[in-house]
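Common to both upcoming complexes is subunit A, partnered first by subunit B, then by subunit C.
After this line comes the complex of A and B, so read on.
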């Protein structure tokens, strides 16, 4: 158990993120990479391929078609991995709640570990989610 | 005799291990500085200096995924070949003071280094092809094209320096790196020769980002474009080995630049001697290394955008080769 805790500490210090962003989710959360919030100071960086990623960010409203891609990306990531769903759209469909093809709850299709609410979520909330995510996974196990 | 043999064997065993560990430490530290300086240039805070160490230690505990259709033995051995060949490359390079001779050295070091330099890139290309991903294949092809285009100016730079040394000191082993290190060329020629040296230095500076695959010449690993290219399928320990060999290669190429163009020590100038001088020279060497690598890798990386593959080809075959050949002409004249 202690060994696991040390391992998780190593993970939290260097989180590499892969994005799966639809619609405005991308535009609203992208400032965390910029100079005002600068996620690199916590060791969080964006990566181009799911194989290198520890955390999958899902944001924006998801359709059934895009959910298939998200599932494949999630399967391609190497363990230990976690999925963070951002924004109101992933929790309830958001403003597209009555659309015929919008996924209302992402966790029906993909093992989401943490939801970050908000439209869009604040960058601070996102950092907090990144900090808590692996502790959360360990507690669930 | 027995003790001598024992000492030689001990040196041959401890040398590579010690040098490898030192170069990994130095390279990762440089990567930390690189990210910090790049962040400050973009008005960000940036990660802590030890962030690359944290990254590597994280990758060591990650799962190592292997694609189903990958050629298993080649896929798994490519990162090891990559790191091993870079550390072999280091064994021929003189680090700092000449008292600290290379672990392996001989008559034709420079030629050997020229042949060893492409091997890490070749290992990455093999790994990319072996991972059977179309994206990695595209990355491997791009890396091959880049490699073919930057090799020629690099050869021109090294051969012209060796040629000039042979003119000045006939009968010596001019291809030995220790000899090149102990005979700086800057003051030995007239104005034309010095201009030629400047041009050669410029073309080597242009070649460096291509060698290391950093922006603006990172077409092979372009992350938003072809999803990290060559290393797209690598994860866990395999990727960590590529990361480490990238760090070590930065040290190796910085050292090569120092040996060819800035082979100056600080102690002969201030007249110090003994172990203190050795330590001081080594420190001075490290400062030189960091300055050179930051000027040739970090600044272009932050200040420019990625070129297209055709532009990379043109800038190497056209501009860089032109500058190198012009430098050769000036050196012949001076």
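After this line comes the complex of A and C, so read on.
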């Protein structure tokens, strides 16, 4: 465990992120990639494949069909990994709480590590969530 | 300027169709023609319309009339040459919703609409070989777009627990 912690601490310069965004989830989170919020200054980088990713962002309402794909993506990610659920719809169905085709409790389907509430969540809240991952690794024994 | 010739175009279209089929046709406004026909004539009418230049099936839609016990099917056909939207309507029995597929005429154009309507209303398109669910994988309830489907009740029963304190508001 100690060895692993040292290795992890050496490795954690950046977290690579894979996005699984439905509907407005994409539009509301995409500004963090732009110059105003600029996620790369905090070491958050987008990657094209789940096999390279450390963190999975899930945003927007999830249908049962899309949840199956999200589960697959999550399984493909190499350990250690984290899943961050962004926004009200992802977490609880949000305003689609009475839809027959949206996921009501995301944690029933996928192991979520961090919930970021909001509709949409502020970019700052998202950065804080990612910072918690860095802190977690730095505090490892 | 072009108003009078345009009107003639639409009236001529209705004349052309009514010479072959039993229809009720109206010109709604410029470039919008509504035609109501019987279930048996529908496919032949679509084939005839395609020969007249209505190549594009832009949508098929279903309207549910639970009191009248019918589904009203609406086919929207667009002609690029005449630039007229021909709306073909027909009624089918709600208890036995069967209609011939439009795939022999419009091919892939019709496929996605028929698949969706089969999923959402339970309409059987006879002759369509691939009516697998489009959005609702593993769906076990009734077709959800039918008016008599109480979706809120269904969702409560299926996904929410009344005894759970946090989920109580959903039951009120």
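In this text, the second predicted complex is superposed on the first by the 121 of 141 C-alpha atoms of A that agree within 3 Å, B and C clash if a C-alpha of one lies under 4 Å from a C-alpha of the other, contacts with A are read in each partner's own complex, and residues count from 1 in each chain.
By definition in this document, contacts are C-beta pairs under 8 Å (C-beta built on N, C-alpha and C of every residue); 3 or more make two chains touch, one makes a residue touch a chain.
From a predicted model like this one, the values you see are computed outputs, not experimental measurements.
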{"item": "Touched partner set for A:68, first subunit B, second subunit C, both or neither", "value": "second"}
{"item": "Partner chain(s) touched by A:95 [first = subunit B, second = subunit C, both, neither]", "value": "neither"}
{"item": "Touching partner for A:13 - first (subunit B), second (subunit C), both, neither", "value": "first"}
{"item": "Subunit B versus subunit C as contact partner of A:27, first or second or both or neither", "value": "neither"}
{"item": "Dominant contact partner of subunit A by residue count, subunit C or subunit B", "value": "B"}
{"item": "First (subunit B), second (subunit C), both or neither touched by A:80", "value": "first"}
{"item": "Partner chain(s) touched by A:48 [first = subunit B, second = subunit C, both, neither]", "value": "first"}
{"item": "Complex contacts: residues of subunit A adjacent to subunit C", "value": "63-65, 68, 97-101, 104"}
{"item": "Subunit A contact footprint on subunit C (complex, rising order)", "value": "135-138, 141, 144, 151-152, 154-156, 158-160, 170"}
{"item": "Contacting residues of subunit A [partner subunit B, same complex]", "value": "7, 10-11, 13-14, 16, 34-35, 38, 40-43, 46-49, 51-52, 54, 76, 78-80"}
{"item": "List of subunit B residues in touch with subunit A within their complex", "value": "35, 39, 42-48, 51, 54-55, 57-58, 61-65, 135, 222-224, 226-228, 231-236, 239"}
